[in-house]
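There are structures below to look over.
Shared between the two complexes below is chain A, which pairs with chain B and chain C, respectively.
After this line comes the complex of A and B, so read on.
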């Protein structure tokens, strides 16, 4: 019984990370209709930014967290400006060729960022200390690591914040308008270029927060992003690329299933879940688990 | 004279490669072999990505299937390479069909993710099905032999690779200039339009999957000959990105493109071989720069400058504008 509760806490916190990564993918997908293969690398780069700030420069944890998030936002917007915008605004390409070109550009970014990270960090693994000095808390007889608790809390808060952002704020409404109908959005005077910048920045922040939160649990390594990318995709597929909360539910579901199969069947099973979920969901239920009602695109 | 040269660029290329092969040392012979192998793989990827405009992120996996099938058939069952090679292509094509039939239900961008998931699953199977694939240790590849003559070193296996590459290139030209090739391009340019001109879109897409997987399977089998030893690492994400680079840098939707791409991207990693980081940065930047500034690749650039001939989509010989008979002029008098 105790073991199940512990596994559940691990599964839910892993799932929240997948949900955060998946949310960034969903944002870009809804804005531009492409899967962002460089998203895992934004996750990795932000985790390393936090490592530089906290461990190498000795800045306090909370401040280095903020620095890393700012770094993620800038990196996301920079990537959009340098590698995505020149293609999506190129009128010489047809619609279909533009999509192919943009996706291949994100693939190129993915491996470039990974290569850049390999120059200073090499192939050794590093560890970022957690947010709290105490490793675990005991609730009743259940022992949870403080970092995992933090992940769950941050994910819950972010779900609410981002849902409110899209429902209430002007920028969020503009983003929704742009994803629904780009010509219409331009007609009513929305600067869609700024919207794409903001979308990529926000997506990178989601991935980046996941990166900084995950860094104390999984080790820092230039290849850490690619595995996370597939799990984020799986969460987004389960959630149906639609609502913010759907992605988190999808992610948590995957985290729980994965950890139980990994524990009771074979550890090697943990890595095969994400691709299986992606394939099964996209082939047989492309609208996701909750897709019967067409969710509002965010 | 020049236009004769231009229109026969591929035969001339093969003659040149054959001539060079008499003067090579072991290392440059290995690189030439590797380049010809990648020409086969890139031709296949180009058919689906360049001509048919479909996302295929599973080509590393198809290549792995071809390599492992041919190696296992030779090692375990002692079959000759002349049987193992077509079996490698056919088994990759069969897997391509099995994947392709459900995968065509999802549209373009979902297809990228589905095929990427498939390549991840194939990687996982190769790593964990230890009794057959040897896990991460990989397996050795026996040297092929024909009529008692063994093709063991790079100079000897060059002859196999050269012939297969030439045959596969002719086959690719045949496909592109057939009804099927025109259907690929029609689907790329607009599925609804293609459908309304009588093209069976679903069937054509499955064909695209199967044919390009066949190429990757054959390429994988030839690849195992050049390496003498294969493991799952040979067919990972990095391999796939290298193939994307070949198609995009060389020129998508061009038969000459894969030759240019494979030539450049076989030599480049050798120059950058000192560090994995620089290889990754080099490939990534190359891919980004080309999709931004030269989306039709070097072949497209050369075609625009009339150095390479335009791609033909029919078998009828092209009539040059100056050779075309002037239409009879009739002036109507009233």
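After this line comes the complex of A and C, so read on.
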């Protein structure tokens, strides 16, 4: 029984990380139809920002966390402004060519950001301390990592906040309007350029929070985002690209199934679980578990 | 007069013949001039295995730098051309071909990962290019038949035997499980480990795989716990080893762990940042002593002299013994250097001090594995400590 509880706690916390990363992907995809392959690098860069603030500059953890998140927001908006917008608004390219060029641009960004990270950090591995001085808490005979508990709490709070943000705030409603109908949004005076910047910033914040929370568990290195990107894509596919809470549930489901699969079937198969989920979902339920089929008038 | 003329003609003919012979030797063996010997180095300078890139290359370079500062070998200084192979076979092959064809190096000194070096082996043997392996541990790289490729540190399979022999001396160890990666670096170790455990009458419970880039080892730890082993052999790269040890400590898996040479105890301690998960940990090492031991001091000083910015870490000296052997062979050949003479000289090296390595170097024409002894380190009072002098 304790083993099941242990597996559940680890599976849920891993799943929350996948969900957070997946959410960043979904936000950008819903806004502009772009699968952002550089999202894993935003996850990595934010974790390193927290490392600089906390370990190198000696700033307290909570403040370092906030600095890193602010860094993520700025980085996300800069990426949109400098690398995505000039391509997506280039009328010289046809529509299909523009779509391909933007996706390729995110691939280029992925390689560039990773390469830039290698300049100061090399390829050695660093450790960001956890939020709490006590690494574990014991409930009965169940031992749970305090960092994992934090991940679960932050992810749950963030899901609620983002849902409220889209439902209640003016900016959230403008983002939804822009993602549903860009021409309509422009006609009613929404500055879609600003909306896209804000969307990329928010997406980077989601990925960045996951990066800072995951760093004490998985170590920091320039390649740390690549693996998480795949897990985030799988979570988004499983939950459905159209639903904020669906992505989180998809991530959690993936985390749980993955770890139980590893424990009771084959640990060697754990890492191929994410690509299998992507393929199976795309084949049999492309809208994901919680997404709705989108009807397109032709 | 006639005899004087004949003598002069004979001398001229001899000189011309010698010059032609010398010229043809140089044409046949690129990379040698009157003042330089060009050596091509390659390693994983970037990518996930970069830990074994610059640190190991610089650990070899410092030997070449030192010899250059001392005037070179037989009047020739060593000139290095360095390429990045990222531990990927296609890149390693491309790097080797570039070094051989475009840079026209005399020999190769490189290779950080077995999977990447194996295709290079075929090229080196086909082209008859002498090669010293930098840090790749796979046995098959240096396996016979092989006329040109040498290694001067403990090969991969040997630490499996050392681990088994070490565990046989531990009290109350009867059942042993392996936890490790399933890449080429790790796979080379399992067959010898299993056979050596059986030779030592220890039960082998099998292998629990862990991914190279694992971020969580809960499933592995719980699976291992369910099998109730007396000891664990850890054959995983540093990142995965650190993750496993942290999760093992968290989940109460408290049995002795012995790591292969793919990890270094001090490096693991730095990564984990807490000696507790490593209290029961040992690793097989290439070296004579831990880094703070007296035998390592001259090599650390040398590294600091030539590469002061490099971190003093175990990986820094993996390539050193290879460079020591190369320099020794080049010296033995003398000024009339050719590739064939070089490999002959390499094969004749016996009893050469392996520098930082726990072995003396002994090569033969039919055995190019120069180093067959390692050491075992453990944590004692939170400090990395050598357990015994050396293990075979």
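Some observations on this one:
One rule holds for everything that comes next: the second predicted complex is superposed on the first by the 289 of 298 C-alpha atoms of A that agree within 3 Å, B and C clash if a C-alpha of one lies under 4 Å from a C-alpha of the other, contacts with A are read in each partner's own complex, and residues count from 1 in each chain.
Definition applied: a residue touches a chain if its C-beta (ideal position, glycine included) is under 8 Å from a C-beta of that chain, and two chains touch if they have at least 3 such contacts.
From a predicted model like this one, the values you see are computed outputs, not experimental measurements.
Of the two partner chains, chain B is the only one that A:101 touches; chain C does not reach it. In the superposed model, A:81 makes contact with neither chain B nor chain C. Taking chain B and chain C in turn and counting the residues of chain A each one touches, the greater count comes from B. By the touch criterion defined above, A:286 lies against chain B but remains apart from chain C after alignment on the C-alpha atoms of chain A.
Of the two partner chains placed around the shared chain by superposition, chain C is the only one that A:7 touches, whereas chain B remains out of contact.
In the superposition on chain A, A:118 makes contact with both chain B and chain C.
Touch criterion not met for A:61: it reaches neither chain B nor chain C. In the superposition on chain A, A:271 makes contact with both chain B and chain C.
Contacts of A:109 after superposition on the shared chain: chain B is touched, whereas chain C is not. Using the contact criterion defined above for the overlaid structures, shared-chain residue A:127 touches chain C, although it does not reach chain B. Once the two complexes are overlaid on chain A, the chain A residues touched by chain B in the first and by chain C in the second are 118, 268, 271.
Across the complex, chain C meets chain A through its residues 46-48, 50-51, 53, 182, 208-211, 213, 215-216, 218-220, 222-223, 238-239, 242-243, 250-252, 271-273, 311.
Residues of chain A touching chain C in their complex: 3, 6-7, 10, 14, 118, 122-125, 127, 129, 135-136, 143, 145, 214, 217-219, 221, 223, 227, 259, 262-263, 266-268, 270-271.
In the complex of the two chains, the chain A residues touching chain B come out as 29, 33-35, 83, 86-87, 90, 93-94, 96-97, 99-105, 107-116, 118-119, 226, 230, 233, 237, 268, 271-272, 274-276, 278-279, 282-283, 286.
Of all the residues in chain B, the ones that touch chain A in their complex are 49, 53, 55, 102-103, 105-106, 108-110, 112-114, 116-118, 120-121, 124, 128, 188-190, 237-238, 241, 244, 248, 275-288, 291-292, 295.
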